[in-house]
Every structure is written in C-alpha cells, then in structure tokens.
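The following pair of complexes shares a single chain, chain A, combined with chain B in the former and chain C in the latter.
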Partner chain A sequence: MSLALLETSFRQDGAYAFATGQIRALEAKLLDGAKYQRLLDAPDAIEAWRALAEVGYTKATEVRLDHYEQALQSELRELYDLVRRLTVRPRETDWLAQRYDFHHLKVYLKAKLLGEEPGEGVVPGVGLVPPKLIETAVQTEIWSALPEALAHAGERAFREYQTTKQAQTLDVVLDTELFALIQREVSGHPYLETLVALWTDLLNLKTLLRAKLLHRERGFVERALLPAGMLEKSKLLKLFESAVETWAEELRHTEYGELIGRSLRAWEEQQSLALLEKLSDDLVVNYLKRAKLALYGVEPLVAYALAKEIELKNIRMILIGKLNGLSKEAIAERLRVSYV
Partner chain B sequence: MQEAAEAATVLGLSGQAWAFLGAAVAYGMAGIGSAIGIGIAGRVANGVLAEDPNKFGSLLLLTALPGTQGFYGFITAFMILFVFIGKAAVAMSGFMMFAASLPIAIAGFLSAIYQGMVCAAGAGMIAKRPEEVGKAIVLGVFVETYAVLGLIASILLLLAI
Partner chain C sequence: MAVAQRVNATRMELLKQKKRLAMAKRGHKLLKQKRDELMHRFLELVEETRGLRERVEEKLARGFRSFLLARAEMSKEFMEEALMTGASSNGALRLRTESVMSVWVPRFDYSDRRDIYAYGFAATSAELDTALTIFQEVLPEMIKLAEIEKSLELLAEEIETTRRRVNALERVLIPQIDENIKRISMALDEMERSSRASLMRIKEIIHGEV
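Here is the complex of A and B:
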C-alpha cells in the first residue's frame, strides 16, 4: 500500500537521544514475519504459547495459557512504564496513555447507561487515571475528580446521551473529544500530526462505510464525522451521497482507494468488515515505520509504543485463533503487518 | 603593504597575541565540536547499551569517532605554539597564524557535530544489525574526510607563512 502522498518530517530533538538508542535496540526484539510464522506453525494454543517464550516473551509466558489475557495486559503495562520512563516531556507522550483513559470512560459509561459489562475492556495501570476513579466518577456523576479533559468529555457524553438516548452518541462525543485532545498535544510535531490525521481519516472512513452499508441517514454521519483529517468533511459527505461502488475510484488519489476497494470486495464476499480493520492497522503501521528514519526525537518512541500495541493485538489474535481451532491460514489473514 | 608587514600590531594585537588566539581557536572550536559530537553519539549508544550491553565493543568505536577533530585542533594549536611561534615576532605573521587556524577550527567544529549525528544513526543501526558495524563506521568516516582536509589546510597555511 502506497503512502507516497504523506509528507514526513521529524522534529529532531537531542533530548531523546538516549531514548531513541534504547528504542532502536527494543525494535530489534519486535516480532518479524519469521517469528509470527513460528507462532502460526504451532499445532495448538499450548504450543503457540510455548513458542511465544522462544520468540522473546519469556516473562509473559511464565503464567499458564489460561491467563494469557492478564499476561498480555501486563506486557502492555510494562510498555507504558517504559514510555513514561523514556519520555523527556510527559506532555509529548501522555496522550498515548490518555487514549486508554477515554476508552475506560467509554466502557464505564456504556456499563452505566446501556448495561454493558466492562469485562476485559479495562486495563489498569496503562492510562494516566486509575480505572476505579473513572468508574466512581461515572457512577456518582461527579466529574471533578477527573483531569479536566476527561471530566469535560465524560460530562458532555453523559449530557448528550440524555437527549439522544443513542449509544453512538457516547462513541461520537468521546472520540471527538479524544481526537481534539491528541491534536492539541501533538501540534508542532509534523510526523505525529500526520499520524493523527491518518487515524482521523481511517476512523471517518470506517464510520462512513458502516453507515452506508447499514443504510443510516446523512444526519447521523454528519454528527459522527471527526474534524481535521486529511479528507475534508464535505468531501466525505459527498462520498456518502454517492454509490458505494464508486468510492474506491473517488479515493484513488488518496491513501485510501485500495483500502476501500478491497474492504468492499471482502464485504460482498463475507459480509464482514474485518479486512477494513486489518488494512487500516496496516496502513498505520506502514506509516509508523517512517520513524525508523528519525535520528532522534519523540517520534521513534511513539512509533515503537504503537507498533508494540499492534504486536500484542496480533499475539492475542493468534492465541484466540488457536484456541478456537482456526487454521493457520485463517489466522494469518487477520494478522497486522509487522513493524520490522 | 611594507608598512603593514612591519607594523608592531595588527588590529591592535601583537603577533604573539594573534598566534595565541589562533591556537586557542583551533583547539577550542574543534574541541567543542568533538564534545558535542561525542555527546550526541554517546547518548544514543547509551540507550542501545541499556537494552543490550553486549554491543559495547562496536559502539565504542562509533562513539569515539567524532573525538578526532579535537585532536586535529590540538595538533594545530601545538604546531602554532611550539613550531611556528618564533615567526610571530612579526605582527602580520602572527595574524596569518590566526588565519591558518581557522580551517581546522571551523571544519573541525561542524564536522564533529555532523559526524556525531551519523554515528548516532549508526548506533541505532547496530542495535538492529550488529553485523553491519563496518558500514556504520565507514559512513562516519566519510565525514571525517573534511576534518582531515581542514587539518591539512591549516598545516599548509602555517607552512606558507
């Protein structure tokens, strides 16, 4: 997939020289194609779990396979401890962890308002705010205990839900608030600004495609689209009005033509948008890879954190696939591209 | 011209003062450049070592590379102070010694910093491909060429006085 249209420039920052050195060494330990293949070749989940220890996850695999979710969550916590340790100015990376705060807020709001179980959607020790604190704020509707941005988002989502009574309101409000926060935090870092614009576009395209396929009305899409992506809102709305078959053609001059085309073909064949999710992640990883060109700065740290998150997602997919008896080809199809 | 050459001072400074200034600038600038260059490469190398202490050997070479400019500056300063200082009795010769110190001062200062960046990138590369240490060093040495040329230029200028 071509990313040729995206410009990349880095804000060279010598304060991150040590961090970048450590990240370069850690990048070498990320799973590459051959290591993923070893996991895939394992005949069952238990063997895959053993193979995971051989490819570097020695600590995680100390527990039994039954506890794989906790082990992967603990890897994620370690990743965020590393990010906090290596960051020079916390503001530059805090937004990574704040994504989890917003996620937790969403989970607890949905639990309260829609009766959904929080389940394993909550990962303590990763975000900036303890999930318990968020849960209490949601339960009591007293938002002042939360940091300002989170409190504002929670209060607004809660209030707007009361008027619309639609679950999507929670998603839309919280995503909008989160992206606005991230955009503020990364401003001045061209590489990260493009990353966030890429995320915004991908999220908007997913919203648009789902809405189109589920025959939602234009008003819903208008409310749900996030501002400030590379694709303008007016262009997206125009796209929404046109037949879905023309979308890939309409977007051929952007990064997303192929992604939409392939996702639509998959939808026709399997009635599933799983490929869209995979291709979106692949596009992001391929963009993240550019941080390998940065001499030093916050960019390699952010790119590593996000690449590692995707790696953990891949491992989870392999384990779940193996536990459910999927063939290795079926699992491999879903795996996100490797950062290395 | 004849008057200027025989004047006791140039721009208010005696020949010896200009020679001292030249020696100080040659070493000072090249030394600062080397310190910055090593600082850059060293911090990245330390980061790599934090994760993988076994790479110390290859990283040591890369980190030390930007240090050579400081030596070149020192050689130039040494030559001015101990070989050519006699000629500084003539103010214009002293002034020319100062001028002769500038190539290594400037080329050394800047090349050390940029070499530090190349070596820092090399340290990042070695973190992933330790077997390619030779290539990382060769690329660092390319920058070295211009520091060496700066030293040669300074020596040639000193010899021409």
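Here is the complex of A and C:
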C-alpha cells in the first residue's frame, strides 16, 4: 500500500537530541521479521514464551506463561515511563497516555451505571491521571477534580447517556472527545498531524464499514464518526449511503482505495474484517517509519511508542494463537508489519 | 416358562383369570402402540437434533475463532470494557411443558431484543462484531437444541419404561395368566371327570342292587 500521497515534514527540535539518541538505540531492539519468525516457528506457546526471552523480553518472561497479560501490561507501563522520562514538553506526548485515561473513564462510567465493580478493565500506571481519581470523580459526579478535557468529556458522556440510556453513547462520546483532544494536542507538528489524520481516517473507515455490515442507521454513523482527518465527514457519510462495492472506486485517489478494495474482497471470502485491521495498522506503521528520517524531535519518540504498542499486539497475537492451537500461517497472516 | 400362581381352582377364579388375561392383552396392545409411537417421535427428534447439533457446533467453532481473534487484537482490559454492558436485559427465556404421549417435555420460548453491540467502534476489533453476531444467531439454536435433547432424554426414559412393561406383560403376566387358566381348566376338568366317574359308579351300584 502506498503512502506516496502523504507529505512528511518534521519540526526539528534540538531539545530532543538526547531523547532521539536513546530512541534510536531502543529501535534497534524492536522485533524484526526474523525475530517474529522465530516466535512463529516455536512448536507451542511455552516454546514461544521462551523464545520471547531470547529476543529481548527477558524481564517480562520472568513470570509464567499464564500471566502473559500482566507481563505485556508491565511492558506497556515501562514504555510509558520511558515516554514520560524522555519527553521535553509533556504536552507533545501526553496524548498517548491520555488514551488510557479515557479508557479508564469509560470503565468507571460503565461500572457506575451497572452498579458493579470495574473488574479487570483498568490498566494501572499507564494513563496520566490515577485511576482512583477518575473513579472518585465518576462516583461523586464532581468532574472538576479531573483535567479539563477529561472532565468535559466525562460530564458530556454522562449527560448524553441520561438522554439515550444506551451504553454505547458513552463510548461514542468519549472516543470523539478523545480524538478531538489528540488533534488539538498535535497541531503545529506536521508529522504528528498527518499521523493522527491517517489514524482517524482509518478508524472512521472501519466504523463506516462495520456500521454498514451491521445495518446501522445514518444517524448512528454521524454520531460515531471521529472528528474528520483527511477525509471529510460529508464524504464519509456519502460513502455510507452508497453500496460498499463502490467504495474502493470512490477512494481510489486516496491512500485508502486499495486497502478498502482488498478488505472487502477478504470480507466476501471469509466474512472477516481482520485484513482491514491488519492493513490499517500496517499503513500506520509504514507512516511511523518516516520518523527514522527525522534528525531529532518528538516524532521518533511518538513513533517508537506507537510501534512498540503494535509490537505488543503482535506478541499477544502469537501467544494467544499458539495457546489456542492456531496454525503458524493463520497467525502470520494477521501479524502487523515490523517497524524495523 | 411362566410360574403359575397359587390360585383356587374354581369357576369364579377361572372367569376372573380370563378377564385379567383379556385386560392384560388389551394393555399389552396399547403399550406396544405407545412404545411404537414413542419410538417414532424419538427417531424424528434424533434426526432433527443431528442436523441442529452439527449446525450449532459449526457456528460455535466459528464464533469462538472470531472471538479468539478479537481477543488477540485487543488487550484484556479493552475487551473487558467493551463487554461490560453487553449483557444487559431485554432477553427473555420462558419455560413451559407440553405432553408428548403423556411425557412432559420442556418447551422454551426465547426472545432477544438486545443490542449486543453496546461498545464503541474506535477501540474495538471488527472481529468482535463477527463473534457476537454468530453468538447471537446461535443462542436460539442452542436453546432449541437443549429443548430437543432434554425431550429425547425424557422420551428415552419413557420408551425404556414402556418397553419393560410390554416385556413384563408379554413374557411374564400373560403367560402366567395363561398358565393359571390352563391349570384351573385342567383342575376343573379333572373335578368334572371325577364327579362323573363317581356318579357313574353310584348309578352302577344302584342298578346292581335292583
């Protein structure tokens, strides 16, 4: 898939010279195709877990395979500690961790509505705001204790839920508020703006396709679409009104024509949108790779953080696949492209 | 061979045994008919359940595969959050019973008006939609399968009981009554012959004296 249509420019920032140096060293430790192959070649999950230690995850694999989720969570926590340590201006990278604050807000809002405990939905130590603080704000409905954007989103989500009484409203409102926040936070950084726009477009196209296949109404799509990236909301809604067979043609002048065409063919054959998700992540990773061209700046740090998250997703996929007896080929075809 | 009961060799007893035999034969015929009809219903349900079980197993395998892939795409925490509100109300399962050849089998009435996709699309995998769609489709079929398989179990028990009754009538009670009738008849015949012989002897004595 081509990203030729996307321009890339970086805001060279000397303050990030040290951070960039450290990131370049860490990038070399990310898993490449050969290391993924080694994990895939393992005959079972236990062997894959051992091989994971050999390819660099020595600390994570100190726990038993049964606790692989905790191991991946602790890797994620370490990643966000690193981001916090290396960032020069937190505002430029905070949006990465704020995604988890919004996730926690969803968990506590849903728990409040159900009158239940939040269960295992919380990822401690990754977001910017302590989960306990979010929980108290949700319980007391005193939103002012939270950072402004989170408080506004929580209050709006809760208010709109009171009208619709549908739990999905919480997700829809919080997702749109989150992406509006991210778009605000990255403005002024051409590379990050394009990254977020690309990411938003891919999520919007996925939402559009899922809504179409689930026979959702236009009103739902209007609410569920994230604030526009490069594809205007009106264009997306027009696309939704038309038959899916025409979508690839409609999008042929964008980065997404081929992606949608291939995904729809895969849907017809296998009734699965797994390929769409893989190709979307691959497109994002291929764009992230451009950060390797930046001499120094916040871009390599953000690209590394997102690439590492995708790597953790790949590892989870391999482990779950091996634990459940999926074939090597079935796992391999779902793995995202490597950043290195 | 049937063991004859100790019965009085009287005409009244003979009549009683004959009535019992007629009733046993009628009962035997009816029970045989019941057993045949139960078998017929049983085989119909077996046929129905075979296709249904294959469909359910195939769909569940597809559903679990999709769910597995969704789980691989999403971390445990995001999956937990997405499914927190999915199981809310509006699905109703009612149980009633229905008599099939005097066997009370269960009947489930299931209606589902739930919106199972109670999560946002931005942070969830599309595989989750596929998995939940399959699970929602397969749930009424699983309930139907449970209904049929329970009915089969109850019918099988009833068939077994009826078969035992038919066998008991056919191999024990009816031969036993037959044997009783035969013995009583023989005893009565014997008694009749004996009294006839006595009468003849008395007659001879009377004629001899004259």
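By definition in this document, the second predicted complex is superposed on the first by the 332 of 340 C-alpha atoms of A that agree within 3 Å, B and C clash if a C-alpha of one lies under 4 Å from a C-alpha of the other, contacts with A are read in each partner's own complex, and residues count from 1 in each chain.
In the analysis below, a contact is a pair of C-beta atoms (placed from the backbone, for glycine too) under 8 Å apart; a residue touches a chain by one contact, two chains touch by 3 or more.
Computed from a predicted model, the values in this text were never measured in an experiment.
Peer 1: Taking the superposition on A as described, I'd like to know which of chain B and chain C A:R210 touches: first, second, both or neither.
Peer 2: second
Peer 1: Applying the touch criterion given at the start, work out whether A:N324 contacts chain B, chain C, both or neither, answering first, second, both or neither.
Peer 2: In the superposition, A:N324 contacts chain C only.
Peer 1: According to the stated criteria, A:A25 is in contact with first (chain B), second (chain C), both, or neither; which is it?
Peer 2: first
Peer 1: Touching A:L295, do we find chain B (first), chain C (second), both, or neither?
Peer 2: first
Peer 1: For A:G56, using the defined touch cut-off, is the partner it touches chain B, chain C, both, or neither? Pick first, second, both or neither.
Peer 2: The answer is neither, since A:G56 touches no partner chain.
Peer 1: Using the touch definition from the top, say if A:P130 reaches chain B (first), chain C (second), both or neither.
Peer 2: Touch partners of A:P130: none, neither chain B nor chain C.
Peer 1: Is A:A17 touching the first partner chain B, the second partner chain C, both, or neither of them?
Peer 2: first
Peer 1: For A:P227, select first, second, both or neither according to whether it touches chain B, chain C, the two together, or no partner.
Peer 2: Neither partner.
Peer 1: By residue count, is chain A touched more by chain B or by chain C?
Peer 2: Comparing touch counts on chain A for chain B and chain C gives C.
Peer 1: Flag every residue of chain A that touches chain B in the complex, lowest number first.
Peer 2: 14, 17-28, 295-296, 340
Peer 1: For the complex, give me every residue of chain B touching chain A.
Peer 2: 40, 43-52, 55, 117, 120-121, 123-125, 127-128
Peer 1: Can you check the complex and tell me which residues of chain A touch chain C?
Peer 2: Those in contact with chain C are residues 69, 72-73, 103, 106-107, 110-111, 113-114, 116, 119-123, 166-168, 170-172, 174-175, 178-179, 203, 206-207, 209-211, 213-214, 224, 226, 271-274, 276-277, 313, 316-317, 320-321, 324, 326, 334.
Peer 1: Considering only the defined contacts, which chain C positions touch chain A in the complex?
Peer 2: 66, 68-69, 71-73, 75-78, 80-82, 84-85, 88, 115, 117-123, 125-127, 129-130, 133
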